[in-house]
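One structure is given below, represented as structure tokens, and several questions about it will come after.
Read from first to last, the chains carry the letters A, B, C and D; within each, the first residue is number 1.
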Amino acid sequence: MENWMEELHEECGVFGVYHAAKAAALTHLGLHALQHRGQEGAGIAACENGQLLCRKGRGLLSDALSREDIALLTGESAIGHVRYSTQGGDEPENLQPLTARLGTGMIAAAHNGQIVNAWELRQKLEEQGSILYGTSDSEILLHLIQREKGHLTQKILAACRHLEGAFAFVILSENSLFAVRDKNGLRPLVVGKLGDGWCVASESCALEAVGADFLRDVQPGELLKFSSEGLTSFHYTEDTACRLCAMEYIYFARPDSTLDGKNVHQVRRITGRILAEKDQGKLEADLVIGVPDSSLSAALGYSDASGLPYDVGLVKNRYVGRTFIQPTQEQRDLGVQLKLSANRQVVEGKRVVLVDDSIVRGTTSQRIVRLLRQSGAKEVHLRIASPPIQYPCFYGVDTSTREELISARMDCQELCQYIGADSLRFLSVEEMERAYSGTGYCFACFNGKYATPLFHHKRALELA
Amino acid sequence: MENWMEELHEECGVFGVYHAAKAAALTHLGLHALQHRGQEGAGIAACENGQLLCRKGRGLLSDALSREDIALLTGESAIGHVRYSTQGGDEPENLQPLTARLGTGMIAAAHNGQIVNAWELRQKLEEQGSILYGTSDSEILLHLIQREKGHLTQKILAACRHLEGAFAFVILSENSLFAVRDKNGLRPLVVGKLGDGWCVASESCALEAVGADFLRDVQPGELLKFSSEGLTSFHYTEDTACRLCAMEYIYFARPDSTLDGKNVHQVRRITGRILAEKDQGKLEADLVIGVPDSSLSAALGYSDASGLPYDVGLVKNRYVGRTFIQPTQEQRDLGVQLKLSANRQVVEGKRVVLVDDSIVRGTTSQRIVRLLRQSGAKEVHLRIASPPIQYPCFYGVDTSTREELISARMDCQELCQYIGADSLRFLSVEEMERAYSGTGYCFACFNGKYATPLFHHKRALELA
Amino acid sequence: MENWMEELHEECGVFGVYHAAKAAALTHLGLHALQHRGQEGAGIAACENGQLLCRKGRGLLSDALSREDIALLTGESAIGHVRYSTQGGDEPENLQPLTARLGTGMIAAAHNGQIVNAWELRQKLEEQGSILYGTSDSEILLHLIQREKGHLTQKILAACRHLEGAFAFVILSENSLFAVRDKNGLRPLVVGKLGDGWCVASESCALEAVGADFLRDVQPGELLKFSSEGLTSFHYTEDTACRLCAMEYIYFARPDSTLDGKNVHQVRRITGRILAEKDQGKLEADLVIGVPDSSLSAALGYSDASGLPYDVGLVKNRYVGRTFIQPTQEQRDLGVQLKLSANRQVVEGKRVVLVDDSIVRGTTSQRIVRLLRQSGAKEVHLRIASPPIQYPCFYGVDTSTREELISARMDCQELCQYIGADSLRFLSVEEMERAYSGTGYCFACFNGKYATPLFHHKRALELA
Amino acid sequence: MENWMEELHEECGVFGVYHAAKAAALTHLGLHALQHRGQEGAGIAACENGQLLCRKGRGLLSDALSREDIALLTGESAIGHVRYSTQGGDEPENLQPLTARLGTGMIAAAHNGQIVNAWELRQKLEEQGSILYGTSDSEILLHLIQREKGHLTQKILAACRHLEGAFAFVILSENSLFAVRDKNGLRPLVVGKLGDGWCVASESCALEAVGADFLRDVQPGELLKFSSEGLTSFHYTEDTACRLCAMEYIYFARPDSTLDGKNVHQVRRITGRILAEKDQGKLEADLVIGVPDSSLSAALGYSDASGLPYDVGLVKNRYVGRTFIQPTQEQRDLGVQLKLSANRQVVEGKRVVLVDDSIVRGTTSQRIVRLLRQSGAKEVHLRIASPPIQYPCFYGVDTSTREELISARMDCQELCQYIGADSLRFLSVEEMERAYSGTGYCFACFNGKYATPLFHHKRALELA
């Protein structure tokens, strides 16, 4: 597979508004609440009187779009996107929303997730005479739509049937807004009511941010159409399942979001409690601390169930600029030093239970344990609020297909030694299911049970 | 007082390194840990072989200084500054460090604090034929030094004797580094050991960030000189007192900093405990939450002493860009909406104890209470981990000399109603002293007992 | 015709290098010599080991491409483009070269000219399922190539047969360089020898700039292919003619360029002589001046033939920044004031023959005449070194299709009065042909005899 | 002399407006006409109701000041500056106008020229307790004014008496405008009438640009004051002379400017005629060409007197961006290649007389001769419209104090060989005086007769 073909693994955020004044400004607010899902780029497309206009740029929302941009984007419907990418792909042509003129008029699309048969679809489109400029999945969707027959809704439904993988698309046409979620519901997508209008978002926290009322999650395989006739629901397939990505709860989503009926903070707190129950009577310690920010909920849960006091032993520097975060390993190492510091007065001479959300490469954990010891911690017991990650993700979470997943190479004891902790314990997949009270989730990165065929990605699996 | 004369109230951060390789890069790291003290501008001056070079810019450290800047700043000694300013004063000539050529050679200076007799000193210097370009206190110090007699140390000591107010200066000459703290110790300044060299910083967290060992706080009225002969201590006056600004503990400093012997996080946790003891047997509630980030320690303390569970009811958006923060009241209001959101699943139907660090204008508290109610909180009991702020600060903390301090106009009951809480309670000054176990602090903003004469600022007091 | 469909009239410059070290740096130099052909944007694509890389940006070459960009563009073949556009179209997707991945590998294309059936081709491509993002003619060519059969040379030849209008394309593939000129030769394109390699350019002055030896003009309808087998010539059609745009000589090209065998400066000088011969014995004057820069050659020719002294009565400000040049009429007016000033010492009290290259709207001439009178000129006799422009151009020269061509509305006498000159005389088309010693030119803007069918553009003609 | 002390040699342009609507916009226009005098930086200070505001920036006028800047600068009086500097000194503190608050109120100053006793004055001011931040002569003037007694006019007159060297200052106070020219009139300064108000400028072309009527040159040693009482003239000394810099006519000023009664273009044309007379009967040639732009007038003069046809053999690229002009010798060499090209059709097979204005280092001439030969010129006879430059300038023209003046090392014959011309001839100083019909000029760079004492600069002279 040539270099230019490297699919981008993108965990992103999408947002859409239909029939509300200042739709672009609302979308800006909504994206702001989704900024944690992507800081590499942002864009908004808005529609007024059948005229679509799009503005996008690199970096954080505040860098990517100016006040003037927002002011230009007039109209009562809009979609937006914040983008995270693990690879070079910061070419402007990969920024979203992507706009194009189809036979049916102007259209804009933005997506979150990863199409696993993107390479195969792209090949086929090119053989048929099309030229694709970028490498984004949205461009593939636009070409598929262009080549289908019928009115726009029919074309979108037909186009979706070609797609395998994880996706949540928002699509803006000259007079409608569409939102579609893949048939396994791998990526989250929620819909809310906003006055007479509607909005859709990757997470419920973005609905709150614009003052919308949460209506429901978009269902797996469902296409919602918002138009002058109101909200209509379609399904592009009957063959659906509930397989929301567990990493959304573990690491990715904001604690105040509620996805497929479960509040992220509360799920995390329960995982902390289960970790504490496993340690019951087996571990003596003085206090519990969490790695900010995503592990604080689990640390509180551990404190609840263990009775050990919760304290703030690690402080995160809120001002780590983007210039500091760089993809090389060396720079990642530096990143940890800059981002976290220990409060010596809290941990000195103490036996510390350290709760973290997950371990990918192990280097971050290693550094945090070292940091705590340098600040005088007597013992550091690391507890991970998820199972060992042993399989790569092809659905949009950047869990390291290329670099090694350390849990694929080391068992718990070896890993504990590598990290330098006094003890290490993970959640098991069964405990995870218990915490989530159900099996309707994708645990592929823990157990290798993928929700879809993997196409050419299979090779990556074999290598792992 | 004409407009151009408006002194800038600046709570800033300073850092200095003497005799360590890559002094400018270390200063950059140190300033990074002090970034919370100022995000309006940053600068570093470094010295190699008697050659002083300075680079500075607006905005966050990562915007103000490039990698190239740091690479240019060679040598084993350096000073740096991060700047916060409440007024227009973002002219480049107010960025620090400030450099000048004195009779004794090149010199650079940066400071934190506020000189209360700046206007009087400036007038006198101009009458003597000097021209001052900017409005920073550092410029005044440089002119005073230029006009004194003797070698550089003598000139600095003599110059300090003219200054009244709060200050912590770091001064870099062609072969030495100086650090001086005002005679009341109003602003913090600590010194650490770094290999064969030294570093000084506004807060101890910056020493940790560069891997230095905390040595001690600089004493009130003390001038430290770092030179090829090592560290020498001078006192510019015998008439000293310990009056460290209480707001450093309450709001400004980082929780992992230890100032004048007390850890910020732990002092805050104690204030939370005292608040809980006051409520003992008088208040029924379901949970305690804190306003992130500065009030979380006090909220944990309240939970400790009350037995009420601590939870994460408010989530802070970490990506609020600088474009959103603007000094107008209207924009401040908008700021709260963007910065904080409530976790409905946590607070819905609950009686919430909400802990905050302080109340200045009251509008922020009002909005947070409203936010919690909109998210379903049944009751909101606001507890403030400091006394009512009734007096303006002239020592560098921007506690609103111009706009009204709401506690100067309303008593606790009126304020509770204004804010819309079910109950409101402050810490008393006596409880504050108990929490701090001592009286060696400046509580002027609570009790009007100022540590120094106020000169022409008195008028501001009369108006308040 | 909807707004998004507005074809861009672009008189641009193209350059290409094959088999020469530092091909991108040479292309940069070559484009620099063509900068007068377009200042709105620039780009270069280079190829090394089958890897195509492209960099482009807005504005002058020095703004659009950095030293780093040039350094990145390694390899021995490259193409480049400087762009002029009359309409809004400064979207990044219209910058050239345009790159795409075709079935046959990566390709980059840049062009000068205007395809008159672009709208029709675009419609057809979309009906066949393609999506076109920009509005450039290069994108149409790429899509046509993608849809043709055979190897790349065959595909390009077949694609060209669909195109009607004026064009000079340079195309870079993974192992070859192509250059093609439309079958009427409406736009210039020359080829030179550079060591073991070759280069192609819109004007011969760019060959000189890189030290290449002029070889010959590309022939109408000819496709040149540069590859490891050397230079091969193809013709996409036998139905060719010589119709090089007369405006290239009159106004557009650089005086030191030689196009289709004629030196621009010398052709201009001859037109000046013919103007003088017409005035022989009929006009008394003191001196001849030209409007800098394009009319100086004709003014010298007038001086030659008339015996009147040539002087520098108008001075051009070389530093008119791009911020001053704006497309509104009001700003165009301001532009003249800023760009030109009269030398009072030269023109005061004098009867001046003022030579200009052409009149489009008449406002510029009006202002220059007024300027000379204000500076004391006693009489101003305007002589135009080309015939009246009465028809719009559809071949890439922005001669005002929308705004009125003043010579289409006024005869010479009316126009003289409008401009405020003491007398006004144009060249006739016959004299023009005499000056050019031949009829192998496009004089459509003077006589309405267009070289190609005009498709939907016909309507513009009717309106005019 | 330490590095930081390196005085900046600055040939700049100044402009001022008093009592005219939109004074800053007029100043912008005026500076635009003076842009050839400096492209490194620009600034404007304007005054409304006693409030002075200043905006400045680096680069060309269009880069340095935005439309918003100009709109902000309200009021009926303004001064402006365009800056050229030969050394590093592009620090923002060296941009002009410089503003300061003196005892008498706010003041702004800008200057053209060079104070030769700047170092001595600076030393003395520092000994008296002042701090000077930048290295510009304007800052010295402001400090001198601040230290003098009396009202502002008295202070300025007294301050000027301390200054030795070449200067033309414009000074804006809260209610007046001042313009002063050094007692030898080394730098030009003219005054014009603009409606009810006035303007001053370095060259008369800037008066034309704003529509002002030329009034007269400011006299050597004269201080003009524009105030509500009209225009008043003072002289800071009686000891005056007329010694306007000859390089202004030769190279620096615009051809349409008239300085101290002589039109620049016409003086240049006369020098060309004298060169031709010297060749009379001694040189056979086919045509005359000039090096654009500054030598075209002299080339025309040569053609007048010799009867040889004038032609355009060299074409200047108008788009040489600032990124190409760099101070290193290597880059200077590259600069010539990019800036000039020969028109082969004009010079091929011809005996060319090439007229240039002056020779400093000789490398430019060398390259132009080589360029002409490469383009087929049979013979190249170089004629220089000024005498050999053998002495450095300390009055603001950057004629190479450091790098060698080639005419100080080689006689005419050696130089001819070095340059590669077939013959070379200069103007003699006597012919120069004849062309200028007088001796009231500074010819120091030709004959070493300096108009003022040189202070520490003498050393530079000895070295040369």
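Note that contacts are C-beta pairs under 8 Å (C-beta built on N, C-alpha and C of every residue); 3 or more make two chains touch, one makes a residue touch a chain.
Because the structure is a prediction, the values reported are computed rather than measured.
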Touching both subunit A and subunit B (chains): none
Centroid comparison with subunit A (C-alpha atoms), farthest chain: D
Inter-centroid spacing, subunit D versus subunit C (mean Cα positions, whole Å): 37
Whole-Å separation of chain centres (CA-atom averages), subunit B against subunit C: 62
Whole-Å separation of chain centres (CA-atom averages), subunit A against subunit C: 51
Touching two or more other chains - residue numbers and ranges from subunit A: none
Which pairs of chains touch, using the document's own definition: A-B, A-C, B-D, C-D
Of subunit D, residues touching subunit C in the complex: 29, 32-33, 35-36, 39, 60-63, 67, 205, 208-209, 254-256, 258, 263, 265-266, 293, 296-297, 300, 304, 309-312, 315, 317-324, 337-338, 341-346, 375
Subunit A-facing residues of subunit C, complex: 4, 92, 100-103, 106, 126-133, 142-143, 146-147
